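Here chain A shows up in two complexes: once beside chain B, once beside chain C.
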Partner chain A sequence: MQEMIKAENLWFGYSDEKEKALQGVNFTATKGEFIAVLGSNGCGKSTLAKHFNAILVPDEGRVSVLDMLTSDDDRLFDIRQKVGMVFQNPDNQIVATIVEEDVAFALENMGVEPTEIRRRIDEAMEKTGVYKFKDKAPHHLSGGQKQRVAIAGIIAMRPDCIVLDEPTAMLDPEGRRKVLKTIKTLNKEYGITVILITHYMDEAAQADRIVVMSKGKVVKEGTPKEIFSQVELVKSLSLDVPQTSEIAYELSKLGYNLSTEAISIDECAQQLYDFLKG
Partner chain B sequence: MAILKIENLSYTYNEGLPGATKALDNVNLEIEEGTFVGVIGHTGCGKSTLISHLNGLTKPQQGAIYLDGKNIWTEYDNIRDVRFNVGLVFQYPEYQLFEETIYKDIAFGPKNMGLSDEEVDKRVKMAAKFVGIPEYALEGSPFDLSGGQKRRVAIAGIIAMQPRVLVLDEPCAGLDPEGRELILSQVKNYHQTTGGTVILVSHSMEDIANYADKVLVMENGTVYNYANTEEIFQDAENLSKMGLGIPDITKVFLKLKEMGLDIDTDVYTIPYAVKTLLKYKEKNGGGHNA
Partner chain C sequence: MLKDITIGQHFPGNSPIHRLDPRIKLIVTVAYVVFLFLSTNAVGLALCIAAIPALYGIAKIPVKLLKKSLKPILPIILFTVVLNLFFITGDGAPLLQIWKIKIYMEGIMFCIVMVIRIICLISGTSLLTYTTSPIELTDGLERLMAPLNVVKFPVHEMAMMMTIALRFIPTLVEETDKIISAQKSRGAMLDSGSFTDRVKALVPILIPLFISAFRRADELATAMECRCYHGGKGRTRLKQLKITSNDIMCSVVCIVCFAVIFATRFFFTPLI
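Up next is the complex of A and B:
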């Protein structure tokens, strides 16, 4: 399996801070994986994400994207085409006055042929479900729609990997649902590696693997089942577990034998059904 | 008597233009003093338009708002008196911090009320305490704080005015679970200690379930329902259909019902879920013969 992104013993500090924001992080994303990164505010998740497309470069250690070092200035252009980033606030990422122009922005800057631009942006807008707004002004769209336009702009560059830093934090449940669905489609159907930073446990529960950060370090890694079944550990890191794990945990404390690994609604309901009937 | 009364309130953006959108459509509502009200609804359902009417930021096109039974636009000498009584915390309030020190930022509102320095000082300290900002930190710059701390300073600035109604628009957006919990428990504490009225707008049904006494559900500019929290969740199936993101635990109980169990589905918190499950098990004889 090819490594998409690899961080080795990564240290990084902002100049005005005593404590380093990243303290020896090791992280690997395999091609095609969907990884969720969890951690409380200030744990270093966003700082780590910014290393993935060379917005930041390590003080110590190394980060590579498809074997290209992010510290190598000559590869910067290639790296940024391989790894696209989407940030929290959709309003800060939209530059053009018409949706399709915004999606085309990066391609125009890259000097792609106009016919090729047309093909790629249509495809990107289809994939993210924003084609029907292509002639609209972005400020007439909802937050969730704008966020999908931002994702389309990234997808049009045909990256291998997309890093999303709390893309749904400012959205309502419906907007969140659609953005997450788009992210999952990009991952499952188009094989794009996804690294999703989130505070929402229900979003993290849908990833292949969860990486938990605390105070600049990776403190836990595993499948959603492995992570969320450790209710006490997760809570000790100022995080939450999905309510589905929590109900099993609470019943276990009362002496009933239930698994905290049943994290989907269906699994949890089935387990409770058996519990009530058995 | 209700502290706030909303009567036949309608509001249309861009009225008379091609892009006209009706944000509020004949809303009627009475909020009793001392209630903790949660407000939910889709983006575009009119929540924000409604709350901006409550302290007179938006003037009704039709209908009226009453504070203590008096029309805020015709029976008060000054709309500022209304704003001192109804404090509004906007979304992302941390962007509105501007003073050199945290102390001065929190003091801005009470100073504008024309209070004595002594009273302002008392209120700043009281408000800082509510949101967990220690006194020694007050002389620091608000811009050196983390996002969650900044937001708590911004909320303290409103609390320091001691409004009788505290309105918060999505106070937890973008915070981690611990930050959410902290802000909401501080608001709850404020509510319980002062007996003031709190109106909390949130997309998180879990937060509303955990903190609110009553819930206002809005849809397309109208009041879909306004009732006690338990009653609202009895309607969970419809809320879910409206795309309102009901708590996972409520979804699990709806699923159990679908699987053929005769179980209550108005479950919205974990402790209540545990109780409901154990009650069911007991009533059905532990199910050993199933």
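Up next is the complex of A and C:
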């Protein structure tokens, strides 16, 4: 499998902070993967995300995107076109006063021909389900709709990877569900590598792989099952586990023999059913 | 309360005026203002006035809106009237003299002309914003001002700033409303007290507003960089402006109208 993003021994510090925000992070994302990055506030996960498309460059170590080094200024726009980024607050990402103009923004910057822009933004808006709002003003949309417009603006660039920095943190449950569904569709159907930074364990549980960060370091990596079955470790990093693992964990503390690896609701229900049946 | 503020309000429609190329609308509006101030005789002014209801009719913009847009400039009109009435001196004897204030015929004429000009000016320019979406307007401006690039004037940057400003007006208005509510809930007295008290009460609203605006600006800049923004160089546009036969026809009509208005100068005696 081809490596999409590779960070090797990455160190980075902000000038106004004594302690380095990233302390020797190693991270690899292969093409087509869906990775969730977990960690408590201030663990450096947003800082790490900003290294993936050269918004920040490492103090030490190296980050490469499809073998292009992020410190190479000549490849800057290639890298940013390959790795798109979506942030937490949809309001602060939308530039234009009309949805379709905003989706076209990146393509206009890249100097794409107008007819081609039209084709690609229509496609991007279809994929993210915002086509019906294309003539609306962004401030008339809900948070979830705005966030999907922001994702469409990134998808229009046809990136190989999108990095989402807590995209659902400011949304209501309905908006969250739709944004997450959009992200999963992009990953499963269009093969776009997804790196999702989140505080929601149920979102992380849907990823192929979870990377847990703490104090500027990657402390744990593995499939959702591997991570969430270690309930005590996860809790010690001031994170939560999905409710499904939680219930199995609490029950097994009481002496019942249940596995915390059942993290999907179906698996958990089946396990409880089997257990109660004896 | 703040939701009522609308800057550059736009009323979507499909009239010939709505469909007109923004560049032509901009040029015509500027030309209209120039000719408005060039016409000093009754016929020329009458033509300028007549153009307003005619254009509003074609654009199907209700006259009610016009009244709304004229209301806030009423003080300015009054101020101009008073100033001109009392300070313009004529050749003949004054019409009226109260104490040291003398009112001349010329003063009255000048007042009337000025009021007509101001009203036409506001009506004409409002029609531009009513019939042109902000994005078209900035687009038109960017293209009209493109020659200024030669003298290193940052045309694209200006247009981008305008777009972003327009985009963030509703967002910041909403935010201001929220901050006001938050401060009120903590006991801020915004609607009572003396004038100075009220001005002082604005400080705890403006400071959070500014801080959040700067934070937004910072995030927006990062988001724009992520989408490969690097200034106006090599940029293409989704919407291309094209001059259609409709545009050419309108331009010809406007040129004829302006020529007629200008010609009246030579046939009628000026009022002022």
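The rule is short, and it goes like this: the second predicted complex is superposed on the first by the 278 of 278 C-alpha atoms of A that agree within 3 Å, B and C clash if a C-alpha of one lies under 4 Å from a C-alpha of the other, contacts with A are read in each partner's own complex, and residues count from 1 in each chain.
Assume contacts are C-beta pairs under 8 Å (C-beta built on N, C-alpha and C of every residue); 3 or more make two chains touch, one makes a residue touch a chain.
What you are looking at is a predicted structure, and each value in this text was computed from that prediction instead of being measured.
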Look at where chain B and chain C land on chain A after superposing the complexes, then choose clash or fit.
fit
If we overlay the two complexes on their shared chain A, which of chain B and chain C does A:Asn9 touch? Say first, second, both or neither.
neither
Tell me the angle subtended at the Cα centre of chain A by the Cα centres of chain B and chain C, rounded to the nearest 10 °.
70
If we overlay the two complexes on their shared chain A, which of chain B and chain C does A:Phe275 touch? Say first, second, both or neither.
first
Regarding the shared-chain residue A:Leu239, is it in contact with chain B (first), chain C (second), both, or neither?
first
Quick one: is A:Leu251 in contact with chain B, with chain C, with both, or with neither? Answer first, second, both or neither.
first
With the two structures laid over each other on chain A, which partner does A:Ala96 touch: chain B (first), chain C (second), both, or neither?
second
Which holds for A:Ala106: it touches chain B only (first), chain C only (second), both, or neither?
second
First (chain B), second (chain C), both or neither: which does A:Asn26 touch?
neither
Considering only touches as defined above, state whether A:His139 meets chain B (first), chain C (second), both or neither.
second
After superposition on chain A, the shortest CA separation from chain B to chain C (Å):
5
Enumerate the contact residues on chain A facing chain B in the complex.
39-42, 88, 142-144, 166, 169-170, 172-177, 199, 201-202, 238-240, 242-244, 246-247, 250-251, 254, 265-266, 268-270, 272-273, 275-278
With touch defined as at the start, can you tell me which chain C residues reach chain A in the complex?
133-135, 163-164, 166-167, 170-171, 174, 216, 219-220, 222-230, 234-240
Could you please specify the touching residues of chain A with respect to chain C in the complex?
50, 53, 55, 77, 80-81, 84-85, 87, 89, 91-98, 100-101, 104-114, 117-118, 121, 137-139, 150, 153-154, 157
Which part of chain B faces chain A closely enough to touch in the complex?
42-44, 146-148, 173-179, 203, 206, 243-245, 247-249, 251-252, 255-256, 259, 261, 263, 270-271, 273-274, 277-278, 280-281, 284, 287, 290
